[in-house]
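Note sheet for the following structure.
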Amino acid sequence: MVQITAAEIFQSIEEIRQKAPVVHNITNYVVMNNTANALLAIGASPVMAHAEEEVEEMVNIASALVINIGTLSERWVYSMFKAMRQAKKNGIPVILDPVGAGATSYRTWTVRELINEESPTIIRGNASEIMAVYDDKAKTKGVDSSSSSDNAISIAQKISEKYNCVVCVSGATDYVIEGRKILKVGNGHPLMTRVTGLGCTASALCGAFAAVENNYCTATAKAMAVMGIVGEIAAQNARGPGSLQLLFLDALHMLSDADIKKYLKME
Amino acid sequence: MVQITAAEIFQSIEEIRQKAPVVHNITNYVVMNNTANALLAIGASPVMAHAEEEVEEMVNIASALVINIGTLSERWVYSMFKAMRQAKKNGIPVILDPVGAGATSYRTWTVRELINEESPTIIRGNASEIMAVYDDKAKTKGVDSSSSSDNAISIAQKISEKYNCVVCVSGATDYVIEGRKILKVGNGHPLMTRVTGLGCTASALCGAFAAVENNYCTATAKAMAVMGIVGEIAAQNARGPGSLQLLFLDALHMLSDADIKKYLKME
Amino acid sequence: MVQITAAEIFQSIEEIRQKAPVVHNITNYVVMNNTANALLAIGASPVMAHAEEEVEEMVNIASALVINIGTLSERWVYSMFKAMRQAKKNGIPVILDPVGAGATSYRTWTVRELINEESPTIIRGNASEIMAVYDDKAKTKGVDSSSSSDNAISIAQKISEKYNCVVCVSGATDYVIEGRKILKVGNGHPLMTRVTGLGCTASALCGAFAAVENNYCTATAKAMAVMGIVGEIAAQNARGPGSLQLLFLDALHMLSDADIKKYLKME
């Protein structure tokens, strides 16, 4: 069984802070600001670029690519394909966030095509989104999870094996799955679900960790642990979702070895 | 004369918290994040989707549709028509926010066409925006209100009667108008005008209330009262527009029966 | 040598607060909300509009136009040209922010074409962006500055002379350049680099100051001084980039004559 220690997580954070890897995001309008701020807070260098005229060149200066389908449209989907193809050519990790997959056939179709054509390195979504990637019977209520995690885990394993990628099913417990291997992250706080886009932030942080670590399963688990730990720290002083969002960025910026050691719940 | 009590307002909030209705927004880039966060804070489930490929399907899982023309362009306008048509077909309420109507002929034209073709359930704007919906002589200074409310009220009544919808003229006092009926909401705080998009948030909250209450006039008045009350609570501890924005979300999340009772100014 | 006093800076702020000039922004998705909020906090009236159908009319009601290429695409670039042409025709100042110039040839090409065809009044960017505007050998790491300021200053002087505009090279020290004239602003705080879009905010504030002052060199220096001073004030109580962002807006809203006098570092 894999064991990830607090010290190893903090080492990755220090590497991110030192290298400031460029993380290229093609993401949705709702969360762009928060995503950029979270990447800055952890020490990475975010870029946002979606034009077909420039996505390949932007991928060329990036150490990871994060694709998020939260507010799709035709030209953006075209650029997503183009950017993913270039990222694979360059050998950098590609993180896919299937926001709202299952809610509309356009989202489900897009995410399946993206996976089929340009298999990503890491897929992170909630249970219903992960199920929709694979299973036509999965239903999504908007972009929030409603499906049980158990079904999602077995589907995540199938996706991982078929596409040779890491799949993260996030929720109260996050499951990081690579083939038969499962890492469970127990960190997080319920108030996080009342702030829009923290799932998208998690995917972006997977990009930052994958930019400095070749073991993508470990990188994903570290990112999810950091998300949850920072959320817990922020929630201690938050009086609602407004202050949580602010305190989250502050805590992410200041995250220490001792914080991680104190809060980490991983098995 | 209609009387809405604090208890009735709180009952609607509890219904929103329990049902978590999906509110589908086609809104502007500036406020998407805030709008989603406000809907989450009150307990609703926001979705944002603008692609013509998916808006109808997204409307199918929604309990209300909010259309906001703050940052228009051709494809988005097309999707707005498509989404409104589907919403009417499904019998769910449509809230229209004519941001900046009167500032450019494109906005004025778009909003009039939307109203003519797919008459919305609720229209919420400031005095100059509401006047521009109906009257070519109304002038807008950007997206801020400058016209007197009195003219706007009589125009709002004409719009309400002609299109059989609720019209809300927001300002220091909010006027909620349905035919000859007028409800006045006196809540709010001047600092709210220094935070971008709180008008858009008001329209989105109208969507949340209209999702759980069939009397759309009452639903609109409740939403406006909650906006104003939460703004007043937030302003008490705000040191400027930055902290107001944060405290607004916190207060909306924690809003209690007693808060509403204490602050409500409606006649 | 030019001397700008704290009293002169505050006088411009009072003029902005009184006149509430409309500042029209065609900017990137990441920062739209922050930019609008910063303009509101200083007392200006922000509008955001990018549709080719309306940009000229929106320019007609504006006192300054701010063009920011942070998230480009074809239709937006077309609208930028159109808006800049109208702004020049109307004689209002045009501020150009070449976000990420040098990172991709699309950005570099776009920004050069914009400058060649519709020479802006003020160009504000970090060292590597300013160099990329002029020099093919300049390289950008994403949207963050990495080039030395010294080279950038001499290039900024060339740009200023060739295009008859003010060029601001921002960084730890901000250099405001008009021909041979150089103003240096020493205000600011390192934590500001961990919040996305504060450079874009600086460009927008240049728009607000240029809307009330015809000496665009002075207007730019004032805007940069206010940015830096407000950043320093905010950083005193910030516990990270999340709180910095909030406190920045609060401090900008409340900025006094005494604050400016206390902090101003300009030569």
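So that you can tell them apart, the chains are marked A, B and C in the order they are listed, and the count of residues begins at 1 in each.
The working rule: contacts are C-beta pairs under 8 Å (C-beta built on N, C-alpha and C of every residue); 3 or more make two chains touch, one makes a residue touch a chain.
These figures come from a predicted structure and were not determined experimentally.
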item	value
Contact graph of the chains (line, ring, star, complete, other)	complete
Fraction-based call for subunit B against subunit A, same above half, different below	different
For subunit A paired with subunit B, centre-to-centre distance based on mean C-alpha positions, whole Å	33
Shared-contact residues (touching 2 or more other chains) in subunit B	29, 33, 245-246
Residue numbers on subunit A that touch subunit B, as the complex places them	28-31, 33-34, 70-74, 100, 103-107, 141-144, 193-197, 238-243, 245-246
Contacting residues of subunit B [partner subunit A, same complex]	20, 22, 29, 32-33, 36-37, 40-41, 45-51, 53-54, 57-58, 61, 75, 245-254
